[in-house]
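Presented sequentially are two complexes of chain A, the first with chain B as partner and the second with chain C.
On to the complex of A and B.
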């Protein structure tokens, strides 16, 4: 039955058509074939899957995607789309799913930082990536991770040696450009910080409005003992883009991850963050906001598992949905047996600005240890009439007053973001997005 | 901290209500098919439409799958091994005819069935196994036009009312266990409060599961007409027995314009022994519909029993300005599992709901709150506030919170807060420094933790509930 779906058909056709980097390696071919077979069995995740409960893929399933954009390596127009903060300093640029050395700038990276595209790594030295790519199918895999395993043609392999400290942020830019047909890009990435390393990543998604591409990113992020990763996501994908991400993070003893996410673009956008606080005293802070209008759909899944003693997680997410948009937030804190001293919290506030918009929020706690502190909170509401009245009584027009309040509401997600230019960039983006927020 | 032997002694306390009354019962042989249902319906002298209604539910049930989404572990249930009807042989006409052994049972449980019933102002419709055996204070109720009788009797004598409302809140095919219940429900209570009547007393039912291998499938229907008020109490205990017993009840509440229904439950069924052997499976569908404007439904529950509890007393807030409330204390110990919570479905304008849930897990138990707050498009100005707190007592238990919020109206305000922690050392230290023993301190803190819910219970229940928690928690500190 599912085999008849145009989406599924196009994925199988892609697997036949395309010669992927690294094909010919027995273990890689086997892993890809297994994954494709498992995808044929499982199909796309449906809403009976708790993690996809509020995100319907029915429309997506009716669409067919090209296997890739053959002209991705030479397509012009990406330079103009590069976000301002990424124009200076180190950056890795992907255009329509392919790494573009000509647009990237990686020479200024300090010693101890190794950056390579997945395609290049598979060509030069595939064996060290075997642990990442030669994986068996398990219960956690959904249709998209399986497709990614079967079809990933590029990605970013980033390793920071123990003790290396990278002061300036590294920008990773995904650019979507219009092509002959809407295509599906599967990217597989790895970020690894050695002991005591420090790194700042800023991930950008930008694109032309009418591209219709599907980008499916799966990445593993390992932060070793005492290392610290600062990760900012600025998502302004094209208005027609489908962007699905799964980030699997593992934090070792005393490791820390600070995440800031600003999700503004795209048509169907999802980020599933699975953070495993494996080490003692590991810390995960996340702050994020989405502002949606039109028929946008955003689904943020923040799944935190505390396994280490005295591990700490804190999440503050804000959502704004206008017009016919739908925002979905799922924050889960799982405390495993033995994770004594765990301290987890998840807070999510949402603004619903239109009678046709919808917010579905689901904070969950699963606690299997007793020496813990875990709490969550979620609200859905609208702007405070009294505050609006106050602003208007000071002569501020209604529209401006609304904008001020919505902006203040979202700016919590930018708290603690640095350096200053990046923060200013994000604030400007937020301000830009808000005039679209109607009454 | 309590010493190990103390903890052991307290943990191995025996189930106080664990006794079996030896009474001859008339039962259908185990097994379930259309003939069983026809036989059951015939035994209960039901009209044709009722039999057909049951059969329709049964046919639908056959097409359904056993659900598995709850956060509980249970083995497969053999529905063919259950006897679907068991009733005391002699139907008594009055209290004097009631089997003295039965009365003794109630005495042990503290049911005020004799004169005490009237003195206490409680009308008791005691369900012993599957058939109601006694109704008290009936005349008093009849004077104001309140109908309070067993479901079987209601089907025979108030067929019109039953037919109109039965299944109107929980349809036959609502879920797996509701469908099963619709097919084979044995008995239950029927309450009808006519227009403008404030029910003169608290209505109360005690359920007991007594005969072995007998699933109990109560069906309760409460209808509150315009401007009426009723408070209904449901309490449960069950004797000790090793086989898991299935209990799949359905409770339907209908509140018309400006009516108010308060439904309180203390559930203390056999939870299984300290090794998790035995105990009741309590899979209940409870739902109330605020059908009329300005109506109100309040659910209050204290859940300490059952090996597995799986229930979500819900409110469908259809009428404008209607109010739904849910107050719950769920305590699990040993190997007990509870997956309980509520659903608040806001459909009417200016509807309000409030959820207070307190979970206490001890031993190796798993205790989950699962709740849904849904605000439909037309539910302008809907308000919800949810508060879920859990405490963990011991290293091997689990406590979980799964709230769902689906909001489709921009004027709604929905808030959810939850915390999970153990009993704080500071609180313990404070109590201990005042010379309060460890056990009493825990009991005191837990009582304080649950106070918000106990306040909602009718007097008699509040006392019972408090005692129940104390007993259930003895020595569970570690």
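On to the complex of A and C.
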């Protein structure tokens, strides 16, 4: 029985124990109660769910998580983990799921940019967030979005006014630190770019190796007409971390999102990106790579829905798995009726470095409009022996040759990433990740 | 410098080299000619240590060392270079990065000081100029999108930079038009020196008009059946490989 699962029990216990920000607001209490009830009915997603087909939660279901890390607000050591590019510039820092004003730096943000933690927003002015938090349970919800709705205690509310342009990137840093017990953090975030606004976000995940926390992030990202969001994800979560993300993106007329993702850390990591190209000529480019070792598991779900005429999407993802690691890539392009002239493509190549590694890739197209261009392709392979020999014949030792080729394989995910220091940082991280590549 | 004795090698269970012997001294240029399927490319690949080629008999000494027991990268560090018949494209690997990794790996293996990026750039720019390459080459991925001729020239350019003691050119002339052939040959000739030897594997005599060899060997059915000077190549051109077969002593073809 699902009710007996330690995971489920611990979530219900958390709901009873913890007084969440904004509790006492009737609409919010009701929404949280409904979500928790729906979670009790639905439980954790299982592999019959098409979007969880290759990601098993059986091990997770046997684990219990503390309701939160009560000491998060004062935990020391986070500053030392801040990634290099985030140490300068504007940043919003979360430690064990809680916003930390003392570690953040938001004063230099230009006019027109408003950043607030969810906890603060619920305390100061909850009503504007009602549209976000007071939603009915629907078919798209899974166990984690329901838990998020029931238990989210913090997050980031970020709004950029129409026409505002933010030149320097804003870093959003999630830091995981060891606590008394492994805890679950549910974060609910909102990013809104007004008409013609421009913003760069760099999202970092870092952590101590043995924390065992679960981070469950749900966010809505709205990019209004002619606005442009540049979003880079640099994920180096701690080796024991469970990181689940759902990002729901809506792009209006002529709006654009450029996503770069480098997924290197964590034990069980998932990112479900639901991009809705609602507006005419809206554009979504995504490039990403994961490099997995040991028994890491990463699941990238890139779900693109074209609704606007002449909307454009292009996805190029790369996966590398060594040892007993497991990767999942699911790219879906749905072209809705009326999205005539849409152009969507999804390409995914994967590299297995060990006979025990596994990567499952599924590209899928569903087209219900006219004059549509849609392409997809997916491969899983090994390093090319001919190329390896070519490098060795020039004097490059086998191990180095393998590293060079894996790095080159992934580097396509960094194409177009700027500014230059960020790209260099990511290249260095990739290089660091690769000495572990096995023979 | 290179002593091949009674070399037998096979690939996928099929014997290709059947008792090949050859002696190459410093400063010499040896041409290996022969019909398709004679084992020319197999010889180059066996010398460079390509996986999949199995030596069943015989020996290869390179500067007195047993070449066959070295990994491909160790052979390169010892001074052996193979110019590939089909150079591979390596998307995502920048030429400058690749060349520096190769040169420094060899230097390290030989116990020499590695070059820092300034030293390397200075050297590589000199070589680009010497070999008449376009400097943009350095910013491109290795062989990616290169024409056949550009790939072959890039092989010779790599050779110029890595300065091997023995270079094996595996059908470097194949697929080249006459202008590209002349440029490739000029590059090779500029690298000839009393310390360096070449093994030029080719199907056609044409290349040997531009890279004049000291010795010409005819390889047929896995062994050398005829050796001579540059004149032999011209006779082959005039008479074809069938002519050699007729001249081959009975005991050699048995």
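Keep in mind that, in the parts below, the second predicted complex is superposed on the first by the 439 of 439 C-alpha atoms of A that agree within 3 Å, B and C clash if a C-alpha of one lies under 4 Å from a C-alpha of the other, contacts with A are read in each partner's own complex, and residues count from 1 in each chain.
FYI, a residue touches a chain if its C-beta (ideal position, glycine included) is under 8 Å from a C-beta of that chain, and two chains touch if they have at least 3 such contacts.
Computed from a prediction, not measured in an experiment: that's the story for all the values here.
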Review point. Once chain A from each complex is brought into register, does chain C clash with chain B or fit beside it?
Key: fit
Exercise for review: Would you please give the vertex angle at the Cα centre of chain A, with arms pointing to the Cα centres of chain B and chain C, as a multiple of 10°?
Suggested key: 70
Review point. After lining up the shared chain so the two structures overlap, which partner does A:39 touch, if you call chain B first and chain C second: first, second, both or neither?
Key: neither
Check your understanding: Given the touch rule stated above, what does A:357 touch, chain B (first), chain C (second), both, or neither?
Key -> first
Exercise for review: Based on the superposed arrangement, let me know which partner A:317 touches: chain B (first), chain C (second), both, or neither?
Suggested key: neither
Practice item. Figure out whether A:381 sits in contact with chain B (first) or chain C (second), or with both, or with neither. Key: first
Check your understanding: After superposition on the shared chain, which partner residues are touched by A:397: those of chain B (first), chain C (second), both, or neither?
Key -> second
Review point. Is A:144 contacted by the first partner chain B, the second partner chain C, both or neither?
Key: neither
**Study point:** In the superposition, chain B vs chain C on chain A residues touched
**Key:** B
Check your understanding: With both complexes placed on chain A, how many Å separate the closest C-alpha atoms of chain B and chain C?
Key -> 14
Study note, to complete from the structure: Within the complex, chain C is touched by chain A residues 384-387, 389-398, 400, 404-405, 407-409, 411-412
Exercise for review: Spell out the residues on chain A that touch chain B in their complex, using ranges where they run on.
Suggested key: 54, 337, 350, 352-355, 357-382
Check your understanding: Tell me, which parts of chain B touch chain A in their complex?
Key -> 375, 377, 390, 392-422
**Study point:** chain C to chain A touching residues, read off their complex
**Key:** 48-51, 71-73, 75-77, 81-82, 84, 87-88, 90-93, 97-98, 101-103, 105-106, 109, 141, 158, 162
